[in-house]
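Residue numbering begins at 1 within each chain, and the chains themselves are lettered A, B, C and D in the order written.
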Amino acid sequence: MKKILNSPETYVDEMLEGLCAAHPQYYQQPESRVIVRTGGTPAGQVGIVTGGGSGHLPVFTGYVGPGLLSAAAIGNVFASPSAEKMASAIRHAHGGAGVLLLYGNYGGDVMNFDMAAEMVGLEDDIATTTVLLADDVCSAPPEQAAKRRGVAGMVYAFKIAGARAAQGGDLAAVTRAARKAADACRSIGMALTPCTVPQAGKPTFVIGEDEMEMGMGIHGEPGIWRGPLKAADAIADEMVDRLLADLPLGKGDRISLLVNSLGATPPEELYILYRRARARFADQGVKIVQPLVGRYATSMEMAGASITLCRLDEELEGLLKAPAECAFWRV
Amino acid sequence: MKKILNSPETYVDEMLEGLCAAHPQYYQQPESRVIVRTGGTPAGQVGIVTGGGSGHLPVFTGYVGPGLLSAAAIGNVFASPSAEKMASAIRHAHGGAGVLLLYGNYGGDVMNFDMAAEMVGLEDDIATTTVLLADDVCSAPPEQAAKRRGVAGMVYAFKIAGARAAQGGDLAAVTRAARKAADACRSIGMALTPCTVPQAGKPTFVIGEDEMEMGMGIHGEPGIWRGPLKAADAIADEMVDRLLADLPLGKGDRISLLVNSLGATPPEELYILYRRARARFADQGVKIVQPLVGRYATSMEMAGASITLCRLDEELEGLLKAPAECAFWRV
Amino acid sequence: MSAVLTTASLRSAVALLVTAAEAKAPILNAADGKLGDGDLGITVSEGWREASHRDLPPDVGMAFLALAKAFQAASPSSFGTLMATALMSAAGVCKGRTEVPWSETSALLGKARDAMMARGKGELGQKSVLDMVDALSTATAGLTEPKALADAALAAAARTLGLFRDRPNGLGRARMFAEKSIGLDDPGMLAAKVMIEALAA
Amino acid sequence: MSAVLTTASLRSAVALLVTAAEAKAPILNAADGKLGDGDLGITVSEGWREASHRDLPPDVGMAFLALAKAFQAASPSSFGTLMATALMSAAGVCKGRTEVPWSETSALLGKARDAMMARGKGELGQKSVLDMVDALSTATAGLTEPKALADAALAAAARTLGLFRDRPNGLGRARMFAEKSIGLDDPGMLAAKVMIEALAA
């Protein structure tokens, strides 16, 4: 395992300590594994809490900040945080107007967040709503879209819900915006190499030196095919085709596009993918607004990329463009 | 070679095309391999031109933008651009007040920039000055500091010179600020894995599964020792010790600190390094201002990290905090 | 084995579970590695280890609650949370009592199954730990003696694994490997079997 | 070989250099790979390939200039830029002439050496292509016939490589491998030898 760390056991806590030390203007850690926005949720504003396993920076913790999230509960690498930590994050995020729970559709996370919501509902009388992100088109067919896992599309939902909360929307309004963003996003990923979970000490999967896997998830969940590494344009074409098959778009449609590295894949390669994806959407008459190219939702040192589209209407576009900032992104 | 690309021959040009397409508000490519700031250098403002090989994003092209650089000439991966491209970048960057050439101390780049400066001096009557970045403490002993290569410290020089130019400083003033920033920076890198230059098709060097190399440069230039991978804190300690040996600091000193990934190393690991480095500087009574943790100067998919310190006085701190923006960084 | 379930029985059960879970962790990790993220052995062994560090009050319900909380804090992955949910449901049933007759075992298991189904939004027949708990509840119905309970549970566990082995998984991460999962035991069911074997020993 | 240096001589020289550089590119890449970034074979072969695509005017000076520009555009790495610098200095000397006597060879090489030293801020004795050009200038002094020039150049190239082999590199990237470079030929010197062999063949 070639990683810069002190021990697998201290990996997450030392990471969070460094994160908060480097960016105290954004992140505070009032108790272990709970990161809250510095200064807290402004009074009367809806709080937004996310959470999930470590190893995906900037997801989840990184998106805490003004115009984005209020708090995050952090688990071990690729593992759910406990319901207790989530409940604590919810309490910290509560500014008196309730809290939206906005996170990826993974079994463990869902059970724990549900439990946490019950806990704060009973013990603290905090109203919560839940919106699950399930944007990965390769993880279930359209008829079972609710079973899909959440990947890089989370970033759009965080941004859009965060903007609606900053505007002063009530819990129902913020929840509606988050739901709309979640419904508007579709993602697909492809991987070239695995990554290593520190506590496991060995790669999450094995793949040939000249192979890629299309449709793979951010923890190495299996995709739809594995085969010889294709040329960048062919990869982009297939990804765009599969996204469009799931969410047909045409002339006059406006989307934002996120070309995301899973970690090791450098921006140079992302721009080569973006170049082609953009041309493909232009061919369809689809306009790309405020594209994102970079590392937004990762799997540590996994090599690969994902493409996410977020279909915009006037409301979503306005929310996407509203000011927001965290250590990893600024609008 | 596991990379997302169409062909080694088109790698750089497709990358630049994608970059400009994704961020037209920052980057324009008036001719191939020359990237200029959208809108150009404001009239009467000193231009700042950099250049060098591809494969280091955000370095070099990425730092073109308001409060940063005016233009960049881009070569093949890890190869100098031609003097002609540099001359063209200088012409585009010239806003009537002369142009500072600010780049890393690599033989080929220096020869070509010198030639370019002669060309624009003769043909276009553009005044130029040159400041070389030579911040890598491992590439030559202190007595031969001028022979050192330029690494992540470039980022501070770009920022500080760019801020001085935006303030309206004349060529001498901008050059002085750049020189001061260059003199204030010290860097050290360590690598865990090589990267692959697309046209070469094989890794830049070979290193054992449990080995690291301390002091390695951003093209895989040899470092000062190679040995078993150490714990993160031991790595940070050695890096900080070597930086402090080169530039002793003490109580009351203020620095900015950049903990930089060479590419594949994820931010999680950078924060673990930052946590320790920060503690070490705090022990010395040194205050860290506006730290940077992320991917600022890379070698494609190389795994490893570098630490750069920039010693600040009031002037440098003010310039570092002045507004600036590009697709990869915003202050 | 005492004549009734007390906090002392829970303490010795936990001790047996810690040892067994630690010994079988690699097997459970490997089974989960084939169909999920490979952490189930850690989940189970760290959950019971943490449980073994907690003080258990004489009130059997409160003792179950302490175990539930320990499991949740140490092992918040799916199986850990479901275990915590099951323990929590037992806490509700046993609250206020220092002795619980063994004859309630089947009912406790039935309650646990229902709570786990609600928590994980799972159904029976999807080849998960739910099917195992359901089978155990059925097999232990009407039994009142520890030895009989143990024998019935062991037999049910083996039978249920066999029954589901050649079906596809329909819940949790393993759902994504539905095809591949045919012929493989569900890791959560295996974990339940490991625990039953430890308690029946 | 014609009695004087003309643009036609340059054209046939370029043809020979294209072939030789392409054939020897792997060797030069490997030599540069040991002490630098491994691109020297590409630098030299792409430089001459691009040069072979350019129209060369009868004015020998202008023809040299066209070669210099081709080299710069195709191969802007250190060696390419130094080659362009050398060709540019020859352009200055030969400008306005369609015939240049072979007897000027030594002087042309001397001028090239000086221009390269100014461009690369290098000195003699640092085990670089500079030492090779210097040795060639010295060895060809007073010679007026192509055959004699070729023989002298070949001998000087071999001798100079031998002379420097066991010294450390002091210029360019190889400087960083000073220790390691002892016993290895400087890649730039090797490239010069490859070119001389092509021309002398």
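Note that in this section contacts are C-beta pairs under 8 Å (C-beta built on N, C-alpha and C of every residue); 3 or more make two chains touch, one makes a residue touch a chain.
Since the structure is predicted, the reported quantities are computational estimates derived from the model, not experimental observations.
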Quiz prompt | Each chain counted as touching subunit C and subunit D at once | solution = none
Quiz item: Are any chains cut off from the rest when subunit A is left out, and what groups are there?
Solution: B, D | C
Quiz item: Taking each chain's centre as its mean C-alpha position, how far apart are subunit B and subunit D in Å?
Solution: 32
Quiz item: Counting in whole Å, what is the centre-to-centre distance of subunit A and subunit B, each centre being its mean C-alpha position?
Solution: 30
Quiz item: Rounded to the nearest whole Å, what is the centre-to-centre distance of subunit A and subunit D, using the mean of the C-alpha atoms as each centre?
Solution: 56
Quiz prompt | For subunit A, residues that touch 2 or more chains besides their own | solution = none
Practice problem: Please list all residues of subunit C that touch 2 or more other chains. | Solution: none
Exercise. Throw together a list of every chain pair that touches.
Key: A-B, A-C, B-D
Practice problem: Can you check the complex and tell me which residues of subunit D touch subunit B? | Solution: 37-39, 42, 72-73, 76-78, 80-82, 85, 119-121, 171-173, 175-177, 180
Quiz item: What residues of subunit B sit close enough to touch subunit D in their complex?
Solution: 75, 78-85, 107-108, 110-112, 114-115, 139, 147, 199-200, 204, 217, 219-222
Quiz item: In the complex of these two chains, what residues of subunit A are touching subunit B?
Solution: 2-7, 11, 14-19, 21-23, 54-55, 57-58, 62, 192-193, 209-210, 229, 231-233, 235, 259, 263-275, 278, 291, 293-295, 298, 300-301, 303, 305, 327-328, 330
